[in-house]
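Report on one structure; see the data block that follows.
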Amino acid sequence: MTQVEQATYTADEMMAVAAARRLGNGTVCFVGIGLPSLAANLARATHAPDCVLIYESGAIGAKPRRLPLSIGDGELAETADAVVSVPEIFSYWLQGGWIDIGFLGAAQIDAHGNLNSTVIGDYDRPKVRLPGAGGAPEIAAWCRETYVMLRQSPRTFVEQLDFLTSVGHPRGSGGAGVTCVVTDLGVLEPDAETGELVLTELHPDATVAQAKEATGWDLRVAGDIRPGQAPTAEELSALRALEAA
Amino acid sequence: MTQVEQATYTADEMMAVAAARRLGNGTVCFVGIGLPSLAANLARATHAPDCVLIYESGAIGAKPRRLPLSIGDGELAETADAVVSVPEIFSYWLQGGWIDIGFLGAAQIDAHGNLNSTVIGDYDRPKVRLPGAGGAPEIAAWCRETYVMLRQSPRTFVEQLDFLTSVGHPRGSGGAGVTCVVTDLGVLEPDAETGELVLTELHPDATVAQAKEATGWDLRVAGDIRPGQAPTAEELSALRALEAA
Amino acid sequence: MAEVVPLSVAVRDLVHDGDVVALEGFTHLIPYAAGHELIRQERHDLTLVRMTPDVIYDQLIGMGCARKLVFSWGGNPGVGSLHRLRDAVEHGWPAPLELEEHSHAGMAAAYSAGAAKVPFGVVRGYEGTDLEERTRVSSIECPFTGERLAAVPAIRPDVGIVHAQQADEAGNVQLWGISGVQKEVVLGSSRSIVTVEEIVDRLEPRPNSVFLPSWAITAVAVAPGGARPSYAHGYYDRDNAFYVRWDAISRDREVFGFWMQRHVLEQEPTPV
Amino acid sequence: MAEVVPLSVAVRDLVHDGDVVALEGFTHLIPYAAGHELIRQERHDLTLVRMTPDVIYDQLIGMGCARKLVFSWGGNPGVGSLHRLRDAVEHGWPAPLELEEHSHAGMAAAYSAGAAKVPFGVVRGYEGTDLEERTRVSSIECPFTGERLAAVPAIRPDVGIVHAQQADEAGNVQLWGISGVQKEVVLGSSRSIVTVEEIVDRLEPRPNSVFLPSWAITAVAVAPGGARPSYAHGYYDRDNAFYVRWDAISRDREVFGFWMQRHVLEQEPTPV
């Protein structure tokens, strides 16, 4: 049975489902392209039809009928309640504190949810020049909570970031910072006292050993670690309808 | 002949005509309600059809078919090229330096074009509490030139303002400040060196003696003072069509 | 999510004595109905904020609701003075009124800062004027060029109140025409009330419109004619004769009192 | 008043070697045609500014037009890396590229400040990040609350270039859909060029539109398809296959060179 189910969905799909389930109906989300957009639209297509999608390109309340190819996709403007300028979306709406959950990806994350999307290697002589900050510092600082979606590997879950692009637990911003990291193996959440990311949920068939191996720091495991639930048939069919549209 | 013409127009009409004539085709004007709005719309109806009218309520390129009753008049929004928010009209457009000529009225003006629209008497125990600054300080500071329209009397053209609401010749703002004061008797313009307002034009049938008498400071008269021209029949009919609409 | 409630309930629950309250609408969509409800519920000690206090603020001030006024231009637009405002400032009747006055640009920047949740706004202004000494404005130096500019404190009202043309059942709001600082005051206030002409099935996107999502509003109340005697673009024009008439009504304390008794105090809140 | 001129003339007259040039369009209405004209006219030593440098900036950088890049996110949106940008930063090919990088919020505030003609913008941000040390950002204290915030220097390009859907004969411009920082860059630049899909008799007001008056623009040039292979809302969608293909084209210096030769250098500017 497990074998069969395992064959029926990809790691990306599991990640999208795990993130989508965490979004409530009416939750106001700040989403980028890729997995976050997939997760938020899946939530909207399933248990949270009134989940509000805000894209950094200024689309407020977008209800895309297909997944946008980029944040400039006309589908977002076409289906949004309103489109505002980029200075406005960042000042009045994001910095203004109206967003419940912001989504981020990154090239590296550390044990405190700090993220690097700037460079691998030295800044002045980078091994890999990454795209840069984009909206990440503000999303991490100003959303009530930030969810990170990132495949787990020792290269991405690192002891020491090469560059600190966005702060995991920003001070005095009003937001809680990174409260949830959804990976291909499970979910990490910050320890209430230390803020250190702890493995709190394992996806079906993933093991604690796998998760530890895929983490560049000594990953702690929650005493009450939860078993994750595989995507339901309904979730998978909604996901695939989105991806096919 | 002069007698006949004199009977055919009011002092306000003469003021509107004198101001309108100074506006070029394509001049971008920042106008308020009353005489400035009348003057700018008259220019648009006569020699300057492409004169651009901007109202502080955010209407850019308004082409009102009748005179607006207030800056909130729907006619402005209805006929504007665009309506923007009040923060935007003041920051991007006025402070942004896009306005050629701004119009102001006031309760008092001094010899350097400084204006008072705040209080008569002491600020804390005012004899008359006036409406206040509104857009005046910024209009005076940020337009390339500012035109004042104000009936001349010793009560309004004063040696010493009770309160300095807007600066006649602002420093470092990029604008020239008050370059023209249109009154019911003539036109005052600043001396190129001292900045002092000097009588440079007399309306038909007004005299230098009248102008001096109606001024609270020792009014200087330009050596090359010009005789003003009475409103033409075309100007008057355009004016009255506007007022009747 | 905004609750759609009767106006009397919204005012009762959300506006408290002593609050900083901004009723906005830059000479368009002026929230008269909400102002009248404040008067009927006898709110007092309010700090009233508004760029262009006009007749509704004259009424609030004359009825003793206000302790302080934060404003940039206080007059009867196109007509003349506000006599109740003048009486309060010039003679302390019915109570002294503290003033904090700005320029339009300063106040617009202050609202903008409030919506953006930064503590101050920056303008090139105030310099050389007597306003500089009379109001809450400070000087700030550009860390890059060394230029000095004016800083104005952000406006963050306890309650922001605006009027709009339409809401939908979910409490999303759309207004259009001259939009003033409506968006800024709703986003910058701790609590907000939006009165609307009507609830519609669907808010059609329009040119020059401002959309305010339900999740950024505290309460929506239906108040048809809620901006009368002022404008509501697409619904009604200003009753200009009334604005002219107000000059006479408001000149005399007693006439004002009678008028308010009859036209505001004895009126029921707009039924819903 | 904007002059309506051929794109080649606008670029020739308004963009000089060494200029600070911002080609904006937040992943929508990206001014490809204008960028290609810069390449054909061999502009160099440019400081290129753009929040989201994507393929067109990869092309400009790979062709050696740029000395410096001011940006907040540089990638092939939805696809991956910009290989020419990376090659310039990682290996100095074809020339070293100085970077000044911001966050989106910082850069948006900097454009806003530029349009408002103030020397800096204020954001709550950068604190605690490594960006703070690597970019032009400073700390500023609120004179009212004592809070510390980040100040970013205003962006005031020599030339701002955007693409829009429509202009009228007088050179007024309207664009709609995702509007990014288009208004800010046109208003904040010393000179501006707007390429448009077409000239129409009348600009119909639309929801979510931005109007740019002729008197705020230096030159308008007709460039149908001027945002291809990106989007122009209401005219065409993104050629997504090309964006994916660009990844392969741009990986190799020689392949890139051939492609540019054939598809840009040998092309005539859009005829007018």
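We just call them A, B, C and D in the order they show up, numbering each chain from 1.
Definition applied: a residue touches a chain if its C-beta (ideal position, glycine included) is under 8 Å from a C-beta of that chain, and two chains touch if they have at least 3 such contacts.
Just so we're clear, the structure is a prediction, and the values are computed from it rather than from any experiment.
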**Request:** Name, by label, each chain that touches both members of the pair subunit A and subunit B.
**Result:** C, D
**Averaged-CA centre spacing for the pair subunit C and subunit A, given as whole angstrom** = 40
**Request:** Find the geometric centre of each of subunit A and subunit D from their Cα atoms only, then give the gap between the two centres in Å, rounded to an integer.
**Result:** 28
**Where subunit D touches two or more other chains at once, by residue number** = 117-118, 123-124, 183-184, 205, 208-210
**Item:** Residues of subunit B engaged with two or more neighbouring chains
**Value:** 82, 91, 95
**Request:** Throw together a list of every chain pair that touches.
**Result:** A-C, A-D, B-C, B-D, C-D
**Prompt:** Which of the residues in subunit B end up touching subunit D in this complex?
**Reply:** 26, 28, 50, 52, 60-61, 81-82, 91-93, 95-98
**Prompt:** Across the complex, what residues on subunit D touch subunit B?
**Reply:** 1, 115-118, 170, 172, 183-184, 187-188, 203, 205, 209-211, 213, 215-216
**Request:** Would you tell me which residues of subunit D are touching subunit C in their complex?
**Result:** 117-120, 122-124, 136, 138-140, 142-145, 147, 149, 151, 153, 205-209
**Request:** Would you tell me which residues of subunit C are touching subunit B in their complex?
**Result:** 25-28, 30, 51-52, 71-75, 77-78, 81-82, 85-86, 89-90, 101-105, 108-109, 111-112, 123-131, 134, 176-181, 183-184, 208, 210, 230-231, 233-234, 237-238, 240, 243
**Prompt:** Which bits of subunit B are touching subunit C when the two form their complex?
**Reply:** 33-34, 56-59, 69-74, 76-78, 80, 82-83, 85-87, 90-91, 94-95, 118, 123, 125-138, 141-142, 163-167, 170-171, 173
